[in-house]
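My questions will all concern the structure given below.
Chain lettering (A, B and C) follows the sequence in which the chains are written, and residue indices restart at 1 in each chain.
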Amino acid sequence: MLTRLAIAIVVIITVWIVYRMWNYVTLQRRIRSGLRLDAYQFGRPAILYFTTPDCVPCKTIQQPALERLSSIYGNRVQIIKVDATIQPNLADAWGVLSVPTTFIIDSEGRPRGVNHGTASEERLKSQLRTIGELGAEAEAIDSKISARAIYIRDHDPSDGTS
Amino acid sequence: MIHIPVDVFAQIQKNGEEHYPEEGAGLLLGKVHGEKRIVEQVLQLQNRFQPGARHNRYMIEPQDMLLAEEKADELGLEIIGVFHSHPDHPAQPSEYDRERALPWYSYIITKVTDQSAIESRSWRLTDERTFTEEQLQIE
Amino acid sequence: MTTLKIPSPLRPYADGMKEIEVESESVNAIIREIITRYPALKPHLLDESENLRSYVNVFLNDEDVRTMQGLDTRVEQDDHLMIVPSIAGGSTSNNTLAKVDHAALRTNQAMIIGLLLVAFVVDLTSLTLGVGIIMMIGTILAKPGFIFIYRLLRQWNVISPEIISDNPEPHRFANGFGSIVLFGAYLAFGLNSPLVGWILTWVVIILAGVNLFLGFCVGCALYYWLNRIGLPLFPREAPADRFPGTRPPKA
């Protein structure tokens, strides 16, 4: 039984490593062959979003998440939307396997991350933060939003303190 | 009964024709006197529904509603209803319309085929949340 | 005490009031309060499942509470609250969309992964078959197979629903496909090929894992590719007032 447990762990770790490597290779290939995104403007991070007209989670989950991100960060983050049925070659070049797929691109045009499924607003935010985008201003917006939440929780009237 | 001046009505039809094959939508501004409603102006708005789905869906967001209310106040009018078009579909409310409709508003629906406005009908949501037709008088 | 502004269409159901004084301290409680006071408002604020209707938007001091804590947003003295309608509609009912509970889906995937891993580690081939059967039942009933576990977790308040308008077909397809692979695995065990059997079992574990941990929906990917090669899997709606299959009129 212990050998089987060991095998299970090895398989899981291997799958994880393969996934990360393959993502890395895809992103590297994009860096080398250039973004080829007319819509991308240097100096700002971007989220490249592949979708199709029939993709339901794109409309119901991904699009609203991107819109919320956009309404909070405005021009600080570019959202570039690509219809994979209109630009299938671009989708293939970016290694798109399904929709929605979102790529995180930094302000120097380097693809730094990918989500092969729906990505929540939180996840996208944390990915942008990890690569060092969304600097001090954005942090300030975020902490204003979360400070209010903390304040409200501290003053929970149901515990009888206020 | 809802009354609408012919030039204002023409704007509604034109809106539907211009947006074809997508749905066009906007708000009716006017006054209500008991059972009598008068449309004095229309506000044309952007269909905020997902691009790609606008041939059979429309949406006016709350932020746009707030701006519309300000505009209505400026003009001394009220938002009394909504107009929208049905490209290649009859001028009557669908189940999707019914689930999302508000009471009290007049819903003027215009059937548009091949870029021509064919027919417009007005509808009101009852207390039981069904639609009943409202007489539309163009003057 | 705070005031809640009522939009024109709802005033007839609130005794004609433009503004109501409310005492509750969260948006949720305020909605309950006004429904109790003005019962005629209820069918226009809540749907049959007692969820807030999609056109009801609550603004607290000019911000949509959706950008805050939603219905749990707390309201303080002198806050300014408004119900602002949003207007939506459309010409046909979109019957390919349903309310899909993603929390139930995730519980299902977690159960599949967990039980199949146990089956492998403990070398219990019948458990593989058991999971396959449950998945197949789920596919036939168009529900996640392990929904009974999800319901227990809901009862114990360990998990809350996450209901999203989604196309249920790719999820159902993934479950059906998974169960068939597991039946194949069990067959392999029966034919004395445990290696093949466990490899097939691991295929299901990995596909479910990819779905649960990476958000990658294999069923959705399949739909994407079939679409790309021109074979849409799920039925497109026929335009209304036209017999399905006929060509639309020339533009």
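Assume a residue touches a chain if its C-beta (ideal position, glycine included) is under 8 Å from a C-beta of that chain, and two chains touch if they have at least 3 such contacts.
Owing to the predicted nature of the structure, the values given are computational and were not obtained by experimental measurement.
Relative to chain A, the most remote chain by averaged C-alpha coordinates is B.
Of all chains shown, the one whose average CA position lies nearest the global CA mean is C.
Distance from the chain A centre to the chain C centre is 21 Å, each centre being the mean of its Cα atoms.
Per-chain CA centroids place chain B at a distance of 31 Å from chain C. Mean C-alpha positions place chain A and chain B at a centre distance of 38 Å. The part of chain C that touches chain B in the complex is made up of residues 8-13, 40, 43-44, 47, 53-55, 57, 59, 64, 84-94, 239-241, 248-249, 251. Across the interface of their complex, chain A is touched by residues 25, 67-69, 73-74, 96-97, 117, 120-123, 164-167, 202, 206, 209, 211, 214-217, 220-221, 223-224, 227-228, 232, 234 of chain C. By the touch criterion given at the top, residues 21, 23, 25, 27, 49, 56-63, 65-66, 78-80, 82, 84, 86-90, 93-97, 99-105, 107, 113-114, 127-129 of chain B touch chain C in their complex. By the touch criterion stated above, chain A contacts chain C in their complex at residues 1, 4-5, 7-8, 11-12, 15, 19, 52, 54-57, 60-61, 68, 71-72, 84-85, 88, 97-99, 115-119, 145, 148-149, 152, 155-157.
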